[in-house]
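Letters A, B, C, D, E, F, G and H mark the chains as written, and numbering starts fresh at 1 in each.
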Amino acid sequence: MKVVFERSKGLLNTETHYCPGCTHGIIHRLVAETLEEMDVLEQTIGVASVGCSVLSYQYFNCDMTQAAHGRAPAVATGIKRVLPKDRIVFTYQGDGDLASIGMGEIVHAAARGENITVIFVNNAIYGMTGGQMAPTSLLGQRTATSPEGRQPQTQGLPIRVSEMLATLDGASYIERVSTHDVAHVMKAKKAIRKAFLTQQEEKGFSMVEVLSTCPTNWGLNPEESLQWVKQEMVPYYPLGVYKDRQYKGEES
Amino acid sequence: MKVVFERSKGLLNTETHYCPGCTHGIIHRLVAETLEEMDVLEQTIGVASVGCSVLSYQYFNCDMTQAAHGRAPAVATGIKRVLPKDRIVFTYQGDGDLASIGMGEIVHAAARGENITVIFVNNAIYGMTGGQMAPTSLLGQRTATSPEGRQPQTQGLPIRVSEMLATLDGASYIERVSTHDVAHVMKAKKAIRKAFLTQQEEKGFSMVEVLSTCPTNWGLNPEESLQWVKQEMVPYYPLGVYKDRQYKGEES
Amino acid sequence: MGKVLMKGNEVIGEAAILAGCHYFFGYPITPQSELVAYMAKRLPEVKGLFLQAESEVSAINMVYGASSAGVRVMTSSSSPGFSLKQEGISYLAAANLPAVIVNIARGGPGLGNIQPSQSDYFQVTKGGGHGDYYTPVLAPSTLQEIVDLTQEAFRIADQYRTPVILLGDGMLGQMMEPVEFLKTDNQIVIDKEWATTGTKGDGSPKTITSLDLNDVKLEERNCKLQEKYKLIRRNEIKVDTYLMEDAEMAIVAYGTVARICQSAIDRVRDEGMKIGLIRPISLWPYPTDVIASYCERLNKIVVVEMSAGQMVEDVRLSVEGKVPISFYGRTGGIIPTVEELVEQFQMHGNGVLR
Amino acid sequence: MGKVLMKGNEVIGEAAILAGCHYFFGYPITPQSELVAYMAKRLPEVKGLFLQAESEVSAINMVYGASSAGVRVMTSSSSPGFSLKQEGISYLAAANLPAVIVNIARGGPGLGNIQPSQSDYFQVTKGGGHGDYYTPVLAPSTLQEIVDLTQEAFRIADQYRTPVILLGDGMLGQMMEPVEFLKTDNQIVIDKEWATTGTKGDGSPKTITSLDLNDVKLEERNCKLQEKYKLIRRNEIKVDTYLMEDAEMAIVAYGTVARICQSAIDRVRDEGMKIGLIRPISLWPYPTDVIASYCERLNKIVVVEMSAGQMVEDVRLSVEGKVPISFYGRTGGIIPTVEELVEQFQMHGNGVLR
Amino acid sequence: MKEEIIIAGFGGQGVMSMGQLLAFAGMKQGKEVSWLPSYGPEQRGGTANVSVVISDSKVGSPIIDSPTTVILLNNPSFEKFEKKVVPGGNILTNGDLVNLPCKRNDISLFSIQATTIAEKLGNHRVAGMVILGAFIEKTGILSKESLVEALLHVLGKEKQHLIPVNIAALESGMEMVL
Amino acid sequence: MKEEIIIAGFGGQGVMSMGQLLAFAGMKQGKEVSWLPSYGPEQRGGTANVSVVISDSKVGSPIIDSPTTVILLNNPSFEKFEKKVVPGGNILTNGDLVNLPCKRNDISLFSIQATTIAEKLGNHRVAGMVILGAFIEKTGILSKESLVEALLHVLGKEKQHLIPVNIAALESGMEMVL
Amino acid sequence: MMRIIIKEDYCKGCSLCIAFCPQEIIQLANRLNRNGYRPAEVLDQNKCTSCAACARMCPDSVISVFRPEKNKIKAS
Amino acid sequence: MMRIIIKEDYCKGCSLCIAFCPQEIIQLANRLNRNGYRPAEVLDQNKCTSCAACARMCPDSVISVFRPEKNKIKAS
């Protein structure tokens, strides 16, 4: 029997605490497989953020540091800047973490052209704390802190992080992908690979925004959740490459 | 004799602590004149930030609150949200304040479509603390913390704040202007007026980025400084309107 | 309106609204998120405003803005988020701005966990932000007391123009108990002529600032602050005692753990031990004199905290060596059980020091 | 290399480099900005890295990252910026990460001013961030002492895996004095097998975290921290005394103000008063026992601070009522003059309490 | 009179709302009550438990070291809480989900096929009510009436149609321990 | 021997570097020294002063309450510091910039037209050196040689060509108080 | 012949594999695993084409997929 | 006739008015004001066209500009 698919060695052999059907798990797998395939697990340091993925340091088969809420890009900067250049450093952040409290850190990491890879899991809500509004929550979306649905007048409009960061000269590679079906999952994998390659080639800041689900706090079952990603999120958060500048510091 | 020009009533009758030739003074005047002309001085609350303009609360002839470094947009939000709608609230912030430590606050105020006006004074350096690199310092620019000139590999690339914020749906009016000669100063005034009108008409977030000088920390005399704005800054920070969406919450 | 069954976090919210606080700027963090959610739902109903800030730093600065505009305003967080508010709290104190800030504390340090803890005592009573300032700190131990103290907090904040901290923990925040909301004087909001609301009709520009580049001026500001603190120390000490009339041994405990202590004391009393409870309600100003006043009669004080020992310093400062003091603490979010406290009290009652 | 004339802020930088610290993440703030500028110039010369962070919050978290990768690393700020680092410091402490954090304190609270002050004492020694943690705090009073203590700070940080705070103020940061840089053992950097540098060649993944969702686990972490603190309390107390051999009255003061006190003591001694100085160098752990050991002989202690009275609590905790204590403080960035201290000491020497 | 009850099970099994019903009913009956939840890190799944005190006098500690009754809805909870019950106390389990042998002989064990019964009543979600019925019948701490009042309150206007089946479940549970 | 010197003037007049020269020269001469600046809020303009202690014994407080010498470069500084000098101390002013009458008669006042002299020497920027020359001649705390050594150090390689004019200024200043 | 193996203990019964299996041969078992979830189970291994859609959509990396070697004939 | 008035005490001698005066009639005085700056002064008020360029570029709002009323003849 030929192995068509098996659990990545980039994942430790352990159960996760994620809710049934939460696509955090798929994204973990994609990152793990990429690192495994690039054969860099032994030289990778991951930075777990605060959110449902806070425990990701128990799941990835590489060195991991856990960062304060929103500060993963700063922590990753500290790690990347002091270690030999062959080290691969990535952050794994939710949208509350990255786009709300961590906005300053992500913008500046991108502007600095920090040679790290950011896996940005956008599920349009705060998962871990029980379903509050995120900066990425859609208009009209009901959450614990927008019980009547997000209103533009009071709560403002969702932030398209990839588009925003793409305006920064320091950012080299930015793509938005989704996990709502097999084809998109495979595309997501390619993007993640490209991001890590960008780092390996020392081309600067790379980020993949992955549209993800939160069945629990959306109040939908896992399958409905994927539909919601496709029908509600993708239109507001168009998929695609937002930056592929392959910037090398020297050239500018 | 007809009065062609006199000191605005929007300014208190007092000397400023600004260095000779520093264009903070011009920008103060423009804001003061606008508020005077719109006849809203009595219903305006300004928010002074931390930077050379920290003492601007001693100069403007309207109620003023002094905010912590970088947090002026949050403070302005607090003020605007609790007062009657006819109140005009503005922040006056330097580039260190707004684009470095205050990045999270400004992005989110813009994303929320916060109905305030931001006067963003970009002088490509930290003035008050003695000339350190700002996120807006140009490549190659020598500062106290980039003694060899700003290097993209270590210190990243300057942030074009107006372009970046313009990607946000919540932002209604964003323009970049300059103070390097009479014509541009007059244009700057128009932009500032437009920004305050945007607020008065309850159309949401408005910001004017004003290119400004810091003769002291640039090591140039005031006149050379204006030349430097024209020749070095304007090319990297193109002038113009970046957003004029006149967004009304209801429409989206 | 009679008794209702509510979660502690929600009780805080409802009590704040009752106290005329219609503005809340918050950021989610367990175990206080129910308060944020409650305000999001309730405030629009009273034509108030709930706004979720982008961070705790931003939230406290929104509070600074709202307070400078003269309204009653609140924010809340839990330990790590509370740490982020320190600069802002120092600014509020320095600028003489009233506000109520809730800390539903959790296990620390660092990310810690989400269980109840009292290990932020030092932060809220001594350290926290930079500079010479204090904030009144109120520590309820039942949900009914939350109703009262939340309103008191607003009264104190306005009266002295100071930020006030309401300190709870995950247990108080997430448990339910029947509570009753009664009208009190604390709901009367005084006029704030100092607020920056626009000069319209009231003369020359007003400013709110905490900057005094001149050292003499800044010393003056500090002296005024210290005078204010003296006044608060004189007027606003709150403390509860239980069975202290004839006690020879006193337990000193506050908040959540004081409840457990009370149950344990009941049991030990049954065995004939003369034991009582001193429960500081205001942690700053601290009921130093009340504790000192018992010294003569006591031959032992046991301080119990859900921390490695923080309030115990204030007890030692109160007692100044006159009574031997022992400390019993649990950390990491563990709430001591009645059984283990009974054991501790018995042990110390027998004159055995830990 | 002989003596050189340097600013205190620069001395910190050079001493750090001498101690093998080649990484610095900073953010400008007066009166510590010279340190940032110095590192920006010097670190590239030693093939190290200076990075200006976007904020103090970011800087402390970059330090967290660099430290977790195993290098000696430093950051610095002044009071308001230091407040912003509190969450990060709590994280460093909880995750057992070594780092040296400099606070060149200024007048507070709030924005305050840029003059020297000691009003962050509580923040650095007790409160600060959330949770039960302490950080060793070293407080030099001369520039030469900065050279030594900066290096000590790195030694302590690595040895105990803890953040260490170097506390100065605007006067120490901005004055110049001749200093000499000597090699010491503190320059020896020990191997950090716990660092997350990639697993290459050394087995299974390592993690750095401060999260323990399980309360029993978090209590274990806290117990280990407390054991570490006990050890530090035992080994790392530093204190200096001046003319205490026959003193009947002791001045307790640290840092900048201790220098002024010393000059004042010299003058008062000339008048025949038996007065001496106890100068705590480590503010945490505090030299409680040393102070207590003088109690028998003293009939008066005067604590002098550039604050409204913070360290005085630690003196009271040391003395436990055995000697009357007076406090003299200036705030707002005012440094007391020798003259006014002489007057104070004379007054208290005559048995007059303030 | 005082009952200290712990209800435990997987997240999603309705543990918290069962506790809430008891506390609410207790309050309505004029008793002092407290309700204290305890969750794992998981948002969904994992295990959860709630402590409810119902007492004639003021509730000191809402934390229960030695419950007088435990209601257990899965095997892990059974393993964890079986040993904590006071001698003479009650263990109520959903026998459809808990199948471990009981090691205690100083307590009363009621293993109720609550899911089966609930399904028979036409709604598997009322399994919890079956057990609560057994609980009030056994302990006598709460009347059926106050529990029904609590139900009315908790279900709210929109779900009034579920009242009958819930009452039926309650009654079946009460009968189980007669 | 101990000199406690305050130098004060407008920002930009070179107050800080004059102080630095003194401190450096003092150190080179084997003395204990300290240098302590004090600024206003202005980055440029405004007033600034520096306190320099040069002493044979360890410097306790670098802060000077009662200076033995003050060097004053503008009228506001004169107003502020005139009264602080110890009886018997020195006040040195740049007479081109300070024109207020002196109210003290228990001190030595030296009003030197330093700018005029400097301009005669061909570089108005060396006015400060003229005054420092007068200072060392008057107090004897520092030798001319150590001040020149300090100059060499402070000016650095690139500005060596300025040494002669600075020395000339120093010497004119020394002559002024002979 | 086992084409897919489901590590039952790790399964959370989310049903995504079921939703994405083109052959519709996965279902939730009628028992609970040790975590209280009804795990996925395969109805008919022979109908499996080893397309790995289930595995790729499984958030918990529960499923391994195999293909008979040198077997060029596609299963049904 | 005074076309422009310079509030000397507020002037910082930055010279921007000088740089932008199309008539080149402003210069720095040879004295210091109370803040130690050489203030701007006007050489020849008659040459002033009241264009207000100086005033608009003055960072310190030091300059007021007037125009003779009903005087349709441009100066110079």
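Everything below uses one rule, namely that a contact is a pair of C-beta atoms (placed from the backbone, for glycine too) under 8 Å apart; a residue touches a chain by one contact, two chains touch by 3 or more.
Quick caveat: nothing in here was measured; it's all calculated off a predicted structure.
Any chain that touches subunit A and also touches subunit H is listed here: B. When the interfaces A-G and D-F are ranked by how many C-beta pairs touch across them, A-G comes first.
Centre to centre, using the average C-alpha position, subunit C and subunit H are separated by 60 Å. A separation of 87 Å divides the Cα centre of subunit F from that of subunit G. Rounded to whole angstrom, the centroid-to-centroid distance between subunit C and subunit F, based on C-alpha atoms, equals 55 Å. Residues of subunit H in contact with two or more other chains: 12, 35, 37. Among all residues of subunit E, those that touch two or more other chains are 40-41, 45. Within subunit C, the positions touching two or more other chains are listed as 49, 51, 54-55, 57, 80-81, 87, 91, 95, 111, 209-211, 213. For subunit G in complex with subunit A, the touching residues are 2, 7, 9-10, 12-16, 19-20, 35, 37, 50, 52-53, 55-61, 63-69.
Looking at the complex, you find that subunit D touches subunit A at residues 23, 25, 49, 51, 53-55, 57-59, 61-71, 73, 87-88, 91, 95, 196-201, 205-211. The touching residues of subunit A, counted against subunit B in their complex, run 100-104, 107-108, 111-114, 135, 139, 151-153, 155-160, 163-164, 167-170, 249-250, 252. Per the touch definition, subunit C reaches subunit D in the complex via residues 57, 79-84, 86-87, 90-91, 93-95, 105, 107-115, 117, 119-120, 122-133, 209-223, 225-226, 307-310, 313, 316-317, 320-322, 330-334.
If you check the complex, the residues on subunit B that touch subunit H are 1-8, 11, 15-16, 18-26, 28-29, 181-182, 185-186, 215, 221-223, 226.
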